[in-house]
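Common to both upcoming complexes is chain A, partnered first by chain B, then by chain C.
Right after this comes the complex of A and B.
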């Protein structure tokens, strides 16, 4: 393998990319646009939930209770409904997402020191939002019950504030949200988006570049030339790796400064892991492009092998521990999970080499494996 | 209309072309296999793999009291939400366990916990949550608040009773009822969402790829020198693709959604088919538009991503309109997919009728007609 010939192949490829202006522009634009859209469009923060109340009790106690919901930043109070009749229709039409129903006798039950029952009807169509809403309702309700108990204890015993607090709330739970203290979903998403986009874009570019030559027939020039397999493959892939690395830098910039995600880890560790991950995903593209013949088929196969694993089996959305054992097994076989841990670790958790070195090792092994497989499968004397 | 052939002749010729297109699609075995794959396996994977709820969240309890009271509290963190993992020995080990992701929550119960409770002093329990996934962080926190809140109520009720302050403490039981998907079955949402997404992807990609392939191979010139008008060339193509996509929808509905996931189809199936046909037909205009811009397959692939990604993220599937910034929400109004999602979920899951769905359907038709008109106009200009 000669460096000179490799560079010539790389230069030829680079010129080809550059002269296809639209392709070149899209190479750089697509990852950025995806990042912006996912970042802004995939907000999992559920706030301003359109909310209404059916208050059959209409006592100070019931009004106090419903005010806890309407005053929170999660719920936007849209008014009171006279009865339950219209709830289903309004939620179906997306006019409301949650309705609190307070039955008669609410205030009386509380006054008598009994449990008062209420119901919250929520839109269950979208389970993520529904789960989050449930979380808010749970938290607000737990606080309301605790406050009621405190008031009751005050009235009953007349003890001083300190012992009252201990009486009504014997265990105080101090919850600390590590790594993402404001619970901002864009902070959670940004590092994982880098992982997802770098999983999809590099193989896509690579297969289009390689298979284009196969489909157009210009690959026969290569078959007939003195360029060796390794020289051709390395030269061919270099420009795509370079573009992907440049994109990685752009994505990092967007995550860091546009979305404001904190970067607390070791930049060198992260950069190295990113380079290896890009080599992995480019390698996936290489293997696919050796196996298929047409650009359509290439795009289709890339879509199948990258999109689903990146989104579902990487811990991007669901943590690996929550996956079924089979799915968790799949996750361990793919590079996405290892890089996702590096990305989250470097951005939010502020961990470095001591924690992440096994991941880097796996990524390096993976990249080497894919490149070797691609090299072995590629033949200058294809059958038929 | 054609003066020689008349209406009937034109229609016959059109049908013959539809037959030709269907035959051509049928002979593209890669495509057929891919369609079979996505409308069954892909939807199955999407539906079965995802779970956004707090499921098996790993919790390590550092019980420094080792008393009956502390064990009682810790034992309330139960599956399916929580899964206990071995406790770290000291705070540094705890930090490391969180850093490496081996546990998501570390709860620390202080020494003298039971003694404090007995003496009526407040006991502070530390609850550290890995919130690098913001949604799960929130859920882990609110579930803990609920569990501890309940524990507190029991404790104070017992204490107050002992102090002779009356029988019970007031509390609110808030029963939550989720409409349309009472058990928060993610498979229902993900399955339907994936189906609606695939319909959109193919409605745009199939016509775009078909038209660009004709351009790349030069067969478009053959069609142009034939006595066919642009509309007569395009309509059969689009019709054939609509039929293929509806066949895929049928497969997905019958085999995966009804067969495997037991999605209750609450509305009218003919209505759903009519809406989908209308949507596919009109949205194909976007694909035609892309085909007039791109010169080769690589470009059309990239352009399709650039168009599809924003459409998906502005569809309201992942992020409800109320959670988006106002300018982004305005963009949502021009995404035809947004209306298709509303109508699709409306019919399938919510059992809405044509009259209830009139506003989104009207908007969808209007936008679709615009897209189709624009695609057709550009195609005409480019080729005649």
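Right after this comes the complex of A and C.
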């Protein structure tokens, strides 16, 4: 393999990419746009839930109780409803997601030391969201009940607040969320998005570049010349790897500074893993482009082969532990999961070489395997 | 044999040793066989042609020879090297240059002329000093020097092909393989390309394997191999090939053309319409002496036409296309068209034109695609719109169809105004596009029914109309085959049938015969002839086959968006003859040098045509003497000049060159 000829091929490819404005724009804008769209759109936080109250009681006690909901950052108070009749319609129209119904006699029951009843109506369309809302409702209600119980006990016994609190709640729970203290989902999403986008974009660029040459017929210049397979493939892929690495840098910047995700790990380790991962995904593109003949077919295959594994078998959305054993097995066979662990580890957990080296090893092996398969499948004297 | 070729090649072999040797070569793609047992030897220093329509197996064969496609059977030796694997193919690649098919398809659109050349050179490991020298020389030779910096995508078709040739030659190969380098290129650039190629083969002792789909280019090769369906139909020198066809071409002008065609079709195997003429190939009887052939052929034609008024009759020698057809369909394949019920000819008011175009202009930004185009087409007339790719033909059709509004000008089609009633036009015309817009996964019958429904043919009429069309277009018996499984010729006739479902009075045909073999093309023209003459349909057809242009009643030549000639083919040729004289051909001992000497001596349009020299001259009597004078200083002997019929290509080339000279002034 001669470096000179490799560079001749790479330089030609680079000139073509640079002058094809549309292609260049696609190369640089698509990853960024994907990051912005997913970063802002894929937030799993449930906050500002549109919420209304039907207060049949309308006593200081009922108003006090409903205020606990309206004052929290999780619920957005949209107003009071006269009766339950409108609830169905408003939830169906997505104007409300939760309604609190306080029956008549709420204040009287409380005043009399009896148990009062309230009802919440929750939009159950999205189970995950409904569960989260239910959790909020339960927590606010528990707090309200505890406060009321405390007050009653004090009124009845005259004991001091502290001892009463200890009596009512013998175990007090304190939770601390490691690595992502405020549980901001975008912090954990951003590194995973880098993984997803670097899974999808490099193969797309690669197949477009290689298959374009096959479809047009200029590949015959390569077949007919004495340039070796390795010289051609390396030269051809170099510019695409370079563009993808530049994109990786861009995505890192967006994750770090636009979404504010903290980066606590080893930059060198992360950079190296990223380079290997890009080599892997470019390799996927290479193998696909050797096998298909038209750009359309190439795009479809890339979409199927990359998007699904990146989204579902990488731990991006569903943790690997929650997958079925078979699906988890699949995840272990694909490179995405290993890089996702590197990305999350580097950004949020601050781990480096000691923990991540096996992942880098897997990525390197994967890249080598794909490139070898691509090399063996590529022929300068094909059968068709 | 192979050893011998290798040995001689090494020590400056004599011309004529085989550089490429194929024996029983087979190439299959799945179930389809593209090359079916071909034997071929390409001799050193020769220009060897492969002639045949799309799908004949030319491209596969050339790619196999170039070592870029694996074959399935038979043996292949290139420069004495048996090519059996990727590795063995690599060993001879440095000595081969390949230019694949497609206008500029193998070049890099975004790269400039110079960058393209540099890339090919560096890919082949040409050192920078040699590259600079060769680049200068080749650019000068192809007259691309001025365009060094221009991006390839902005070159014309002819320039792209010349650049392709430069890129193929930059590593100085001994064998060049050019796949249809002239397809879709205008005739002027085509001649230019051949002249350059002839020069190269002559000066450098290059061996060239060149393919073409144009039958009329076959005469340009030292050896021509005609291919069809993956097999060799005929092979030899152009003269030798023609000698193998003992036949005479008789052309007749006759008032009752429809009846005359029916009768000739019944007697002879190959009859076709050429404007006002009918052209028939009359095979000689087995022992007929050559000197008697023309006279006897004429007598037999007159006998067949007994009782009809023959206005004029001409006899000529057959050409290579006649040979191709004789070999491809020896049984006289195209059966006469089934006599359809004479459709009630519509009555038109006097002076009515089926198509009128007045001063059509179409501007795209700075680029004027169509410039002041005017013409008229009468009912029952076959009108040819000719020009190279990019001359503006398709834009004219789109404007007439109301698909694209003109920047200026007006027109009408089938009595409807182009500007005010484009909807009406669409209902009254048939349109058959280059790509045959058929549904390939539907059967023949399903396609016809679908188009009938789309065009709003009344339900009660549909079945009868489909039946009529199956008969008219000769696609009976294959009603249930999928369109995608049909061979090109039949697919083309199905596309025509689909364009005719609603009995349009005007039919537009945009390059309908691209890629169809000559036999299929003749069958197709028979149907067009029937439509025009028997049913009074006006036909507007575009083509880049100059030989097809001769079959039109009336043609307009378009060049750079303008109409540069507008008359019947006969008139155009007569007019060229009157201005510039007849076309003469003669053989010389050194054709390339002779052409240059003759040009210097004032024969401006002297050109090389295969191994003979062609030129236009008004004075046949003194021509031989003047040619002898011009060639004497070089010691070149010339044979006696023979008069050749002018072709539409001659007309086109002369017109365009004159326009270019005017523009230069």
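The rule is short, and it goes like this: the second predicted complex is superposed on the first by the 356 of 384 C-alpha atoms of A that agree within 3 Å, B and C clash if a C-alpha of one lies under 4 Å from a C-alpha of the other, contacts with A are read in each partner's own complex, and residues count from 1 in each chain.
Operating definition for what follows: a residue touches a chain if its C-beta (ideal position, glycine included) is under 8 Å from a C-beta of that chain, and two chains touch if they have at least 3 such contacts.
Not measured: the values here are computed from a predicted model.
Once the complexes are laid over each other on chain A, chain B and chain C cannot both fit and instead clash. With both structures placed on the common chain, the touch criterion links A:70 to neither chain B nor chain C. Residue contacts after overlaying the shared chain place A:59 against neither chain B nor chain C. When the two structures are aligned on the shared chain, A:20 is found in touch with chain B and with chain C. In the superposed model, A:88 makes contact with chain B only, not with chain C.
Look at A:9: by the touch rule set out above, it reaches chain C but stays clear of chain B. Of the two partner chains, chain C is the only one that A:221 touches; chain B does not reach it. Of the two partner chains placed by superposition, only chain C is touched by A:380; chain B is not.
With both complexes superposed, B is the one of chain B and chain C in contact with more chain A residues.
With the shared chain A as the reference for superposition, chain B clashes with chain C in the stretch 454-462, and the other listed options (454-462, 490-498 or 598-606) are free of clashes.
The residues of chain A shared by its contacts with chain B and with chain C are 20. Across the complex, chain B is touched by residues 20, 22-23, 26-27, 29-30, 33-34, 37-38, 40-50, 65, 76, 87-89, 91-94, 97, 109-132, 134-139, 141-146, 148-149, 152-153, 156-157, 163, 165-181, 183-185, 187-188, 204, 208, 212, 215, 294-297, 299-300, 304, 308, 312-313, 317-319, 321-324, 327, 341, 344-345, 348-349, 351, 355 of chain A. Within the complex formed with chain A, the chain C residues making contact are 29, 63, 66-70, 85-86, 89-90, 93-94, 96-98, 100-102, 105-111, 115, 119-120, 122-125, 151, 167. For chain A in complex with chain C, the touching residues are 4-5, 8-9, 12, 15-16, 19-20, 216-218, 220-227, 379-384.
Looking at the complex, you find that chain B touches chain A at residues 30-31, 34, 37, 42, 45-46, 49-58, 73, 83, 96, 98-101, 104, 117, 120-139, 141-146, 148-153, 155-156, 159-160, 163, 165-182, 184-186, 189, 209, 213, 293-299, 301-303, 305-306, 309-310, 313-314, 317-325, 328, 342, 345-346, 349-350, 352, 356.
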